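What follows are several structures.
Here chain A shows up in two complexes: once beside chain B, once beside chain C.
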Partner chain A sequence: MAESQAADLNAPVVGMDYHMHVQYHEVLCPVMREFADALMDKRLIGHKCPQCGLIYSPPKGYCPICVVPTDKSHELELQQRGTVTNYTIVTPVQYHGQEETDRFAKASLQLDGGGTLSLQDLLEIPVDDVRIGLRVEAVWASDAERNVDEVTNRSWGIGESAIRGWQPTGEPDVPADELPTNVF
Partner chain B sequence: MFYCRVVGESQERLTTHTIDFPYTRTLGPVFSEFLTGMRDGKLVGIKGRDGKVICPPTEWDPETGDALGNDFVEVGPGGVVTTWAWVTEPTPKHPLDKPFAFALIQLDGADTGLMHAVDAGSIDKMSTGMRVTARWKDDRIGHITDVTFVPEAG
Partner chain C sequence: MAKKTEDIAIVGYAQSPSYRQAELTEPQFLYPVISEALERAGVPRREIGFTCAGSCDYLSGQTFAFVMNLDAVGAWPPISESHVEMDGAWALYEAWVRLQHGDIDTALVFGSGKSSPGKPAEVFPLQMDPYTLTPLGADPVSLAALQARAMLDAGKITEDEMAEIAARSRKSAVNNPYAQVKGDDDPAVLLKEPYVTAPLRKHDLPPISDGASAVVLATTEKAKELTDHPVWIRGIDHRIDIHQPGMRDLTESPSTRLAGKNAGVKGKFDFAELSASFSHQEKLLCDELGLGKDVEINLSGGPLAANPVMAVGLTRFVEAARLIAEGGKKRGVAHATSGQALQQNLVAVLEAE
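Up next, the complex of A and B:
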């Protein structure tokens, strides 16, 4: 719908606000539903490929590298402690709908015991101190606040509504050359 | 923006996605005249090469593709419904929040139809060939929704 135009009632109308708004609903697919249900129980789950052994979290229901299906029998619970393997510092541009105003980091994590997560928020650490090798642990939203609103069928990240983010454990950094190089 | 909730006895999780694109588009010389007319409470058409009046106005002659000049003419506010469809359940994006008709309205003085909403109250009040007239909003901004149409009195 149109928003208000220029205030000058005598000037020609030369532009038109056109607000395109699309809303749609979809049911979470079975593996994402299992993942969302586990998050509500403060558990982090993934599927381990029976062929190559890579762990996908959120689970996909298949290994895209080996092209083999995975199911509940390949499910395992991941540890909630890990290491930053890479990160991006985002400087928000104030476009329509941008809610962030300050710089923030999104990190890729290698979890202890296997499994990775991408696009995770880091808490309790200044953006400029974020580094590869940093040891972190999950900070869950409280029972009252925890939800899975941000989990979708196409989640790469899992949002911040269940796990608020990851905070430094205080352990010594892991040297970069000791970190795995896999994304998953 | 998403949210996800558990629905129904099956306990499926339903996600809702909302996508917003807040565009502003420039109107060009002809639509600018049309929507400036809207803002001022006037319906504006343009003369085609053959002298026929086109409303809503176009920048190009629909018959030949030739560029049209700036031969604008005021049309309406009354007109004739040439075809229509009844909208039983309006969506939030529709111009009226109660059942209405989308109609092709050939405004007095125009030779083409303007598609717009007719607030007739009920489907029984709609008929092809009926006369309608413009009902203007008080707070007009230069947008197609500044006007809706109602059946002509009498």
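Up next, the complex of A and C:
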């Protein structure tokens, strides 16, 4: 035993590939189903916390700050126009399974009239022109193409199959110091 | 010489029903469970000194799912909080240790999991040795079947006894509103069912469950202030056997034996709540802990009736606390397990005043 172990130390290292695939199927929770149904009607909805007034879109069914439940009675429709409050430029690394090749931006938006969205795609603007304060509006997928297949409990709510992204409105930028400081 | 540990008490507890497939998200069904445990304890959310959670991102298939679960706690302004990628029973252990420091007097513990989105036979092999066992698809059912076969071959159990354990668990679960598998089954009829993975039949296996449970702990002084019926943790310990199942004698559980000894499992017990996810494991655990026929095992139905992985061990504490605080029982054992085929085990002795 000891002899064979000693001999192994001089053997070349052998590598092994192991590709795993784990598939998950999750049912859409009731508040997300309502959110998805609204997207099919080209409406963006959220829940407003009865205590602190923060608006959650997609709705969670509770306010995690105040720890109070929210339901249909706290639902409101959000405006489809807003301002970029922050963004990240992603440079795709070409790991196995990566489908993106070009740099792209993901933006946080403050919607007019209240409500925020995270990780939104920006359209019709070069990545290097993306900036805080940029005014944008929703670009919906056409009636024929629009679906909510990408809406899951675990996503940030809107797949590109419903709202394709957000494009500049051409309005002047909002000065950074006029933007709200809240993330959610 | 080591300082004697302070007795910590369970002063609040709650659990969700065990769902085959929960429609709600994990934080959504955790939310009422945590609220109920806190209300039972009579401790305002903001006064909790330490919060610890147990869950597994691989189960739901979402990175940082454990952070989402904090939505159900109320974590703003920031709280003192921790997480274990283990059953909630180990979160309870961490909170128990934290309370020994003496600077805080309450802790909230919870465990939660959604097993329904993934296939357990695909997800669980990922916790195994990635070179030899994960590619083989070594899942809990296969390993439990090897363990049951080893016990049968060693004469430590019979298939009749396994069916009797399953039938008794299902019958006990009839009175448990949170249980998923319940009913009055004749062991002789159960034995006519085909094997799922020989020598295990469907009744020997736990259900696939989504669910959550929560416990509120308090120091000795605080517990007496909060309730007339504290459930005392008189001893608690957890031990681990070697990771590679091929190097273990699967018919024994030295880690359970040692944890039981260190937790003070001796003398008379009214009941035990054991994380025996497979029927034969109940026998093995009773043998290792020295629990005789006079001890009532899994009056809740146990994991064969409700198996919300990552909460199921903590639920043993919830059920034990319920039996003592509401059911008139005096002394019991709570047991939780982790890893494969009873690899890691946590044992506690719980008592009424």
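The working rule: the second predicted complex is superposed on the first by the 170 of 184 C-alpha atoms of A that agree within 3 Å, B and C clash if a C-alpha of one lies under 4 Å from a C-alpha of the other, contacts with A are read in each partner's own complex, and residues count from 1 in each chain.
We take it that a residue touches a chain if its C-beta (ideal position, glycine included) is under 8 Å from a C-beta of that chain, and two chains touch if they have at least 3 such contacts.
Nothing here was measured: the structure is a model prediction, and the numbers come from that model.
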Identify whether chain B and chain C fit side by side or clash on chain A in the overlaid structures.
fit
Would you sort A:19 into first (chain B), second (chain C), both or neither based on which partner it touches?
first
Where does A:147 make contact in the superposed view: on chain B (first), on chain C (second), on both, or on neither?
first
Contact breadth on chain A, by residue count: chain C or chain B:
B
Applying the document's definition of touch, where does A:27 land relative to chain B and chain C: first, second, both, or neither?
both
Mind working out whether A:9 is in touch with chain B, chain C, both or neither, as first, second, both or neither?
first
Figure out whether A:93 sits in contact with chain B (first) or chain C (second), or with both, or with neither.
neither
Please work out whether A:64 is in contact with chain B alone, chain C alone, both, or neither, and reply first, second, both or neither.
second
Across the superposed arrangement, the tightest C-alpha approach of chain B to chain C, in Å, is 6
Shared contact residues on chain A - chain B and chain C:
16, 18, 20, 22-27, 153
State the interface residues of chain A toward chain C in the complex, per the touch definition above.
16, 18, 20, 22-27, 29-30, 60-62, 64-67, 69, 153-154
In the complex, chain C residues that touch chain A
21, 23-25, 27-28, 31, 35, 45, 58, 60-62, 65, 70-76, 114, 116-119, 122-123, 126, 130-131, 134-135
Touching chain A in the complex: which residues of chain B?
1-4, 12-27, 31-33, 35-36, 38-39, 93, 141-143, 145
In their complex, what parts of chain A are in touch with chain B?
1-2, 4-5, 9, 12-28, 32-33, 36-37, 96-97, 147-153, 159
